[in-house]
Structures are given as C-alpha cells and as structure tokens.
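Both complexes below contain chain A, partnered by chain B and then by chain C.
For the complex of A and B:
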C-alpha cells in the first residue's frame, strides 16, 4: 500500500456537510448538544466525538458578502508534531501507520489534562481533542479500518461534489497541482495549503485565514517545532 | 421485557470487556461512557450482508447499500458505488439513513389516541390495521360516487384524502399510489407541498 493523501478542493464544496455526517455515522460517534449561534456551522467546533467539521465563515470583503466553506479535519502530517510532543512527554497514545501515513490516536490511552494541552498546542492546525470523562484523545483516523481494505474514507466516499478526494499521495498531489492551475486563471489568490507537511491538501482561492483561523500554518513555525521537540525527545529517551 | 438493542448490547459488552482488561492489569475501573471511542483497525462490516436500496428522501433517488449482521440487524448504511445516479455519494440526509432503522427515539409499538382523548395507549398491530380498514370501508361506502352529475362513470370517493409520505422510496410510492387509486381517491397530496 502506497502512502495516502486527501485532496480537498474547497472550490467545489457546497457545505452540504455530507462528509461530516458520514464521518459520524461510520465512526459511530454520537451527536453533541449545540445551541443556535447565528451560524450555519454546527457543531461549533471539532470534539472528541466530531472528527470532521465543515466550517462556515461569513465575511464582508470589499463591501460584498462572502461565504467560505472549509471541511476541516486532521491533516495526518508527514512528521506529526503531536506525536513528537506526545513522545517527548511520555504519552504513548499516538502512532503513525507506516504504510498509509495515517496518524492514529488510541482513545483508550489515558492522557492527563496538562499533557493534552501541550499536545493540542503542538498542532499547528488545532486538531487534537480530549474527553474529560474518559481522559482519552480522539480525532480523524483516515478511516484506517476502511482504507486497509481498499475502501475510501467515509467522508470521501459520500462527497457528492468532488470536493473530497483520496488516493496515493503522488496522484493526489498531481490532481491538486492540476486543479490549482485550472482555478488560478479565475482566482489569482488560489493556493494549496502546507501540502509538503501533511496529507490533507486543501485548495483555497482566498487568504486561508478567511476560511478558518487554523486553515494554514506558518511553515517556519512547523519546522521550528520539529527542532524544538526533537532534542527534548532525545533527552527523555536517554532518561527513560 | 427489556429489549436488547444493538447499541445497548455493544454498550454492555464493551463495558464488560474493558472492565475485564482493566481489572486484569490492576487499574482503577472508572466507568466508561456509553459511546466509548475506540481505534478500530478491523472493518466492522466485514462479512455483513449487503442489500441495495433507494434513498427515501428527495426525488434524486440515490442508491444506498445497507449492511446487516447475521441476525438481520442494520449495522451500516452508505452510498452504493454501483448505483448509476449517485455513484456512491450521499448528502447528509441520505448519509444518516442508518438512523431510520437504528434509533432509540423510533416508536416500536403502535400508539392510539381515541377521539377526544388526551392520552396515548399502546395497541397491537392487528387491532390498528383492522380499525384503519374498517374506517376506510365506512368512509368509502358513505361517500362513493359511481356517476357524476352529468351521468359519467367516475367511481371515486371524496370522503378520504391522503397526505404523505416523504419517507417512502420509489417502490413504496408506486404501491401506495396503486392502492389509493384502486380505492377511488382523488385527493392525493404530498406534505411537502402544503
């Protein structure tokens, strides 16, 4: 099995939230109680029970109303900072599948609140979530059980518009580059977000922050994180 | 009698298994919640029976594959990749169709509220169907019109109207329409237009 990636083309997203529901359905996660906040985005944020969330951002740009849709999820980093951080503080909840590249959390491993805080802060895309009751962490699993059997992840399988794509990394990168070329003519600000660093390649056509605060990360920060965490990890290995 | 649903069953067996594992390791057995998240590595629909169906919601008619376990319980429902219309895709409504079958809020017994009563009571299917049939017969006999004012044969009943149903699939709609027309109904409506 070659290493895998998502290509998430936000230009095609209609925010139907099919992916969000398919994710809940397949992972057998319950609904979360929400309140009306004046936004179509529901629930408000990712959680221990919500791995996939279509974020709605309603802005006024140059005097015109703009609506940005961002189907947020774990990026499955090539070198996951959450894993590095967890290892450096002795938390054994995070693994990375060599064959697919999926970054996996084991919710059965108990993580303390302050340990989780450090792990969440290490993620430039603000993905890890924790449950106070079970003390476990959970997030998108890349539908590891499905992709192992050659099935598409639930979110990709259900997507009616072609926003969500999944496959071998080289094919997805090729697809992303081609689509970027196609949409550049109409949207000069079109770009692929941090695609060197992770496996959920988002195509956006405006400034990433307009979609979501954590849509894109400053790549120098990611590089620095790796340098910062690695020596700590080495020390803890020596000590342990 | 307490009915054991799949969810309850999983809940109980999950708690039991986790409890056993934890107690063997000598850990504190704190209660785990109903939906204990787990990292599944095995496909949970492996070996399940797959039945193709058509989504019961809008007129697009997307294909759904329903997986059932050896006891016939629905364990998953997702888009049918071989379906010519939807090719495996589903919108959030179709995507949640699993919950039509497996839902603790779904009524599992027939409930009846008598005229002028403010209470519901549970009745048997047999009683309810017989009562509906008797009422249909009564209204139809009373209002059946063989010929209209001009003497033309119409064979219709104006005493009964049908409103519904948004949650029927193509085949069910066909049967329902046949049934209503054979009774002579002309007021056949769908609640989406009201």
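For the complex of A and C:
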C-alpha cells in the first residue's frame, strides 16, 4: 500500500458536517452532551470521542462577513512528534503504519495525566485527546480499518462537495497544487498548510489563524520540535 | 422542478433565492460546485448570511417577505435594458396576447375586486379571443393592451429607489444581481433559480414563484439545460406525496378533486381544459382518460360505464371549500372532528400557530399517531400547560418502519422515481406504512361488512388486492399506479397494435376513457411496464452529455428529464444553444434526438404546435389570469410587518388572504411590543420538526438546543450578548432560546427606518431532549397564501429580550 494523504479543500466546504457525523458513526463514538454556546460549532472541541470536528469561524473582512469552516483532524505527520514524545517518556501507545503513514493510537494503553499533557503539547496542531475514565488516548485513525480494505476513510466517502479527498500522497499533493493554482487568482492569500510535514493537506484562502488557532503550526515550533526529536528536512521551505 | 439536481451544473448563473441550498439540500451542492468550476456565477439572496452565502460569488440581503419587490425590480431592469430574449418572448410566451379592456390595475388592486368577499372576479382578466376563439395577438408587442406592454407598465413602478426602500437591499447590490442574472437572456446562456420554503411560506408565496417564472420566460430560461424554476423540495419524497395527491384540492396525477357541483362524471369532465387554438396541443384535453383509468384502478370490476366508473363514490368537496391544513386545524379547534390520523407528521411542532394545534388535538375523541419515534403530537396530552385528566382524546401510537427498513420508491425534487430496497428489518412490531394502511383498510372493511354503516359503497367496492402470499406487496401497488389493459385490445386507437388483457400499459398515451384501462396515477404511467420496474434502473449512460442519465431510475412524465424542452429549440427544431443541445429535430428520420420531447410533433415552424403543451394556449404565461390574487405578482407586505404603509400602494397586505380571527388567532403589525421581523428556518443537522433527528445522538450533539440569531447591532440595543438566554415573543406565544449574536445578520434600512431581523429554527420540541427547547411555531401566525394556504412562517413580527446570561462559562465569538 502506498504512502497516503488527505487533501482538504476548505474552499469547497459548506460545513454540512457529514464528515464529523460519518466519523462518529464508523468509529462508533458516542454523541457527547453539548449545549448551544452561541456558535454552530459543536461539540466545542475535539475529544476522546470526537476525532473529526468542523470548526466555524466568523469574521468581517472589508466590511463583509466571512464564515470559515475548518474540518479539523489529525495530520498524520510524516515524523509524528506525539510518537517521538511518547517514546521518549516510555509510553507505548503510538505506532505509525509504514505502508500508509497512518499514525495510530492504542486506546487500551493507559497513559497518565502528566504523560498525556506532554504528548498533547508536543503536537503543534493540538490533536491528541485523552479520557480520564479509561486513561486511554484517541484521535483520527485515518480509518485504518477501512483503508486497508481498499475503502475510503468515512469522512471522505461521505463528503458531498469534494472538500475531503484521500489517496496516494503524490496524487493528493498534485491535486492540492493544482487547486492552489486555480484559486490563487481570486484568493491571493491562498495557501497549503504545512504540507511537507504531514498527511492532511489543508487549502485555505486567508490567514490560517482566522480559521482556527491551530490550523497551521508556527514554523519556529516545528523547528524547536525538530531539535528535540529528529531534524526535519527542509525546514527553511516551510518558513515561507 | 422543471429540471433536476444534476442539471445545476449546466447553468451559467445560479440564483439561490428563497432557500438555503447548502444547509438544507447539502448533497445537491456538489452540482453547484460543478457549475462554479466551469465558471458559473452563484448568487445568494437571503435575509441572513448562511453557510450557502459563504460559497456565493454575490451575496445580497433582503428583508423577509419582500421578494416580489426584488423580482419586480429585476423585471423592470430586464425590460428597460433590453436584456430579454426577443425570439423566445414573442414565440413561446403570451407576451403578444391582447388582454380584454376590463383588465386594469390601480393602487395595488386589479380590476374585479370585491372587498366584502376579499376576492376577485377573475373573468375581468381574460385574454381577448377572435371570432374563432383564438387569442388575439400583436406580434410587434406594441399594442398597449398586449401582455408585454401591460407587463412593462406594471413593473415600471418598481424603481431601484422604491425596491431598496422596501427590501432594504442597497441599490448597488440590486443592480449587481439584476445585471448578472439579466446576462442569461442570450440564447447561449442559461440561468437557473433554486427556491424552497423561503418563497412558498408567505401570503404571496405563489406570486413569488410567478415573479421568477416571468423572469425565466423573459430570459428564455424555461425548458433549457441549466435553466428552469427549481423547487428544492423539503423532504425526500414530498414530490411523490404531492404527485399522489397528498393535498386536498387534487386526486392522483394533479386531477382536480371532485366538488359537490360536479355530481356526475360528465359534469366533472366538462371542466376539462379546452383550447380552440389549433396549434396548441393542450395535453390536458386527455384528462377524461386519466380520470376513467383512475376510477377503474380504485374500484376494479365494480366500476362500469353505466355507473360512471364509480365516480359517485368519490368524496366531494363543497363548491368553494378549501380543506387545506390551516382550515383543517381551525375546524378541529372548533370541535368539528372526532378522529385524526397524524401519519409521519408532527403538527404540534410543524404547524403554524402550533399552540392552537395542540389545543385542537384535545378536541378529538381519538387520534392515531404513526411515526418512527414518539412526538409532541403523540404525547400532546402531557405537554406543557396540558392537564391529562381533562383531555378526552384517546391516542393510539403505531410505530412504523424507517426508510431503510422498507422497500418502495421515493420521488425526488427532479421528479425522479427511484426505487429503494430494504436493508434491515424494522424493530419490534414496527411495520412499513404500506403494510399498516393495507391491513388497516382490510379491518375497516370487515367491520363495515359486519356492522353496516353510512355510505358503505366506496368502502365495500374498493379494489384491494395488493398482496402476495397473504402479505402486502409493494410491487403490485407500483404496477397498479402504472396501469393495466383490462381487456384484450385487438387494435389500439393510438398505434393500431394489439394488447393483451392483464398486461401493463406502456405509457399514459395508451390510457382510454371507456374503462378498458386502469392507472392509479397517469403521470406515473410508463414507470413499471412489461419491460420491468423503470425506477429500479441504475445505468449511467449519458448520450447528451448533459447529465440527463435517461436510464438511471425514471422521471415523470414519460422519463422526460427537463420539461418544456421544446422551448430549447428554434422554429426548425435546431438547438438555440448548440453547446447544450437538449433536443434536436432529425429532419431526415423525422424524429427528435436528445431528451424525451414534450410530445412527438415535429418542430413548431410557422404552422406546427406550440411548445408549452400543458398550457391551453400552448405558450408560457407572462400574464397569468388563473391565480386568486392577480395576473401579475404585486408586492404586498406580510400580514405582520414593520411598516404602516406599503411603499407601492395603499393595499398593505395581499387583498385576498383569508383572515382567521378570534381565539388563538391574533396578529400585531407595527406594534411597538413586537418590533422585529422574524423568520424561521432549518439547519443541516435536523429534519423538519426534529422527530427523527432529535433522537439521534450525533445530530443533537451538533445542534443541541433552540437558538435565536440576531445582529450585533440588535444585541447592543437589547443588551444581549452571544450565548445569553433570551425570550422570543409574538402575539401568539413565547419561546426561550440561546442567542447567537452574529455579524451574519445586519439591520435593514426600510423606508428610512432601521429595522432589525431575527430568526429561529423550528426543529425543537418539549418532548426530547428535555433541555432542547420548544417549537418556533408557537410564534408563527395562522395565515396563508390565498392560492395554496401555505402558512406565512417566513415573515412575522416578534420581540426578543434577555432572560439571563449564559449560566455556564461565557461564550466565545460566534
């Protein structure tokens, strides 16, 4: 099986949340208790039971409303800092599938609160989540149980607009670059986020932080992580 | 829809006005995306900036309930700037027809108005006919009484200044939309309009759609690929249920419901549309064949020529009776009913003025509630403010199968009848609806046979043989709907071929008015033939390349994917837009190639048939004398509105709406107690009144509670912050909600005053979840469109006040 990636084209996302629900359904994750907080984003954040979350962000640009949608999920890093961190502190919950590149958490491995804190903090995209009750960690699995059978991840399968794409990494990168080229004329700020570093290539058309605080990792953080874990190649390219 | 979902991709301009396509028809958005990728411009016109607006190339706001003003301004703009398709307007519409001199319009009223009856005498709007009964025409469009000139005159009043004053849409925004949409008047450009309840749920609902139909006809956008007027139906099978006569005024296949004054079949058939215009196909002239075949389907061998095929057994409406939803529940409220089946519906939450409906249910002796889950209707007797000890209504709850637990067809908005297969058994004792109806009627009939009763003929004579091996058989029903030859036909009048008794008719063309054929619904005839179940087809062939997919499922009528398609070609049958050739005449072989044409007749030429075969005059109606509230759409304010005076005339509201008065029917216009324009809507995550979706943990997690969206400006005015609990009140009721204070809503400037707009979803109800909130329909008024009686739940007046700040933690930004 070839190295895989997602291409997540936010220019096409209508926040129907089919991905969020399909993820819960496939993974048999329960609906959590939520309240209306003055936002359509619910649940409020990723959790042990929520691997995929469409984030809603409202703002005004040149007196006009903008409403950005960001279908957040694990980036499945090429060199996952969470895994490096876990290994460095002796937590054996995280593996990386060599064939696909999927980064997998074993929720049955008990992780202590302070260990989890370090693992979560090691992730520049703030993805890892932990359950106090079971002491296990969980996040997006790349639908590993589906893709190894040749199926698409549930979120991609259900997406009606073409926002969620999945396939061989080179094909996804090609698709992302082509789409970036296509939208650049209308959206000069369009960019692909940290795509060298991970396998969930987001296309956004405005400052990433306007979508979500952790949409894009600060390159200095990646650089710092790089020193701590293994040096990441081509850091300078990411600084652009 | 005149067209279908996939066809959106063929449009050059897509106008989404009167609906919120990305949120309420999310899967269809892929076709809008496909059009955009080919360079189409997507316009969204709405009071709110929604998830749809985020993907619009042009988004403009308008105040709820002012669509006719907006569209009237567009008609004026198209005419003033000569953007209309002259060939189309002259040849394919009634623009050239001469209207009789009795027609006039003055200060908001058309001629023929009787204020005591709140009704028009529509004969004052008739088209003038010559001595042969053929409409008089002026092909130069110069006669001052021709439709084109009357149209021009009528909409000359809709200036940009006035439209802006009414709608609150800035002039530059109006012009932007008018210009872009007007650009589709060229033969090689297609514009489509997508609407839904944002247009229908008004006291001018039908005229909203008429307004757009006029625009589409002026621009030559009807009957073409990428064009049309496309109703995004609010439920997956609402098209099918309308086709099968869910509504009171029709029997299956859009045949008019019998009325008391038509005592015999002959009387009924006298109302068949006729035309003296030899060039008009007037397809409705075939109606007697469809009625006779329907009666044969109902009553089988009991229906004979001698007994009018059992016509007398059909229930009759009183001569002018309107038995629509609002009237029905009004009568129930007055104690006129003993029993009621609430089947797949939740009127205690879905109906306008739901508080009145809940009271009405308490007047019944019995109610049968058929649904997948319990609802506020089934449990109304233990709802808020109800004392179960004082309620006599006996409620029977029948659990039914959900859509994946039964086989059958659904008809989508594009008129596609699509077969679905069962993938799981229903839980417990739940049964598919068809099985429930089938078994129920057998029991009812057995009781009548045993105990007799009043008017037993319709019950005892009903043909009821849709079972195989003692079980209800949905295929037998589907075949019945298609229709059978009931006798051997040695030489059929249509094709001179012979047909065997008991075989399925190939299409409605073969139906007869003499009792030798049956069909449960003529428009579905050809859906299940000797060649098989057409709805079950799944072939992806696409010969035109336009995405018609003629072998995927089946579309009524006769698998025609785009209706009025003869309007896509010129007089010689050549496609007017060769790049999107929907239909073309193959002169050599004397046949049409492409979509199934609107009838096989050769091209119109100078003596052939007109393209709009369902219209008595054969052309599209810019002037439409058939509606109760006028032949041209005119702007009137909603029943409850924020301004004392209609800016266009002295008729503040639609002069022919029925006013329900007294009891729980109260209204407030320009009342300082209710200063804000309010509208209701749906979100992607929930389904209608939420009976299905509120019980699904993942959906209720995503949209857990009742909310009220309001602007930041209104928030400051009322001291309401994002996430606060608020109370929304109207003259009818009150509902608590969580405030979403958002920059996606903005105040309007209407006639110089600042007018605020708020909105709420109608998905919630007291039953479940306990902290979800109540139905927005406790707020909405009992008033409807005069033609359809669809309630005006999209524009009414409300107040909003803060109850408490959000108890938990302070909410962040929206």
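Convention: the second predicted complex is superposed on the first by the 227 of 240 C-alpha atoms of A that agree within 3 Å, B and C clash if a C-alpha of one lies under 4 Å from a C-alpha of the other, contacts with A are read in each partner's own complex, and residues count from 1 in each chain.
Basically, contacts are C-beta pairs under 8 Å (C-beta built on N, C-alpha and C of every residue); 3 or more make two chains touch, one makes a residue touch a chain.
Fair warning: this is a prediction, and the values are worked out from it, not measured in the lab.
Judged by the touch definition given at the top, the superposed model places A:28 against chain B, while chain C stays out of reach. In the superposition on chain A, A:154 makes contact with chain B only, not with chain C. Of the two partner chains placed by the overlay, only chain B lies in contact with A:136; chain C stays clear of it. Touch criterion not met for A:96: it reaches neither chain B nor chain C. In the superposed pair of complexes, A:145 makes contact with chain B only, with no contact to chain C. In the superposition on chain A, A:48 makes contact with chain B only, while chain C stays out of contact range. Judged by the touch definition given at the top, the superposed model places A:210 against neither chain B nor chain C.
In the superposition on chain A, contact is made by A:17 with both chain B and chain C. Contacts of A:171 after superposition: neither chain B nor chain C is touched. In the superposition on chain A, the residues of chain A contacted by chain B and by chain C overlap at 16-18, 20-21, 25, 30, 160.
Chain C makes touch with chain A in their complex at residues 22-23, 26-27, 29-30, 33, 49, 51-55, 683-685, 696-707, 722-724, 738-744, 771, 806, 808, 811-814. The touching residues of chain B, counted against chain A in their complex, run 18, 32-44, 46, 76-79, 81, 86, 88-92, 94-96, 98. Residues 16-18, 20-22, 25-30, 48-49, 104-108, 131, 133-134, 136, 138, 141, 144-146, 148-149, 151, 154, 157-160 of chain A are the ones touching chain B in the complex. Of all the residues in chain A, the ones that touch chain C in their complex are 12, 14-18, 20-21, 24-25, 30-40, 42-43, 56, 58-60, 65-69, 160-162.
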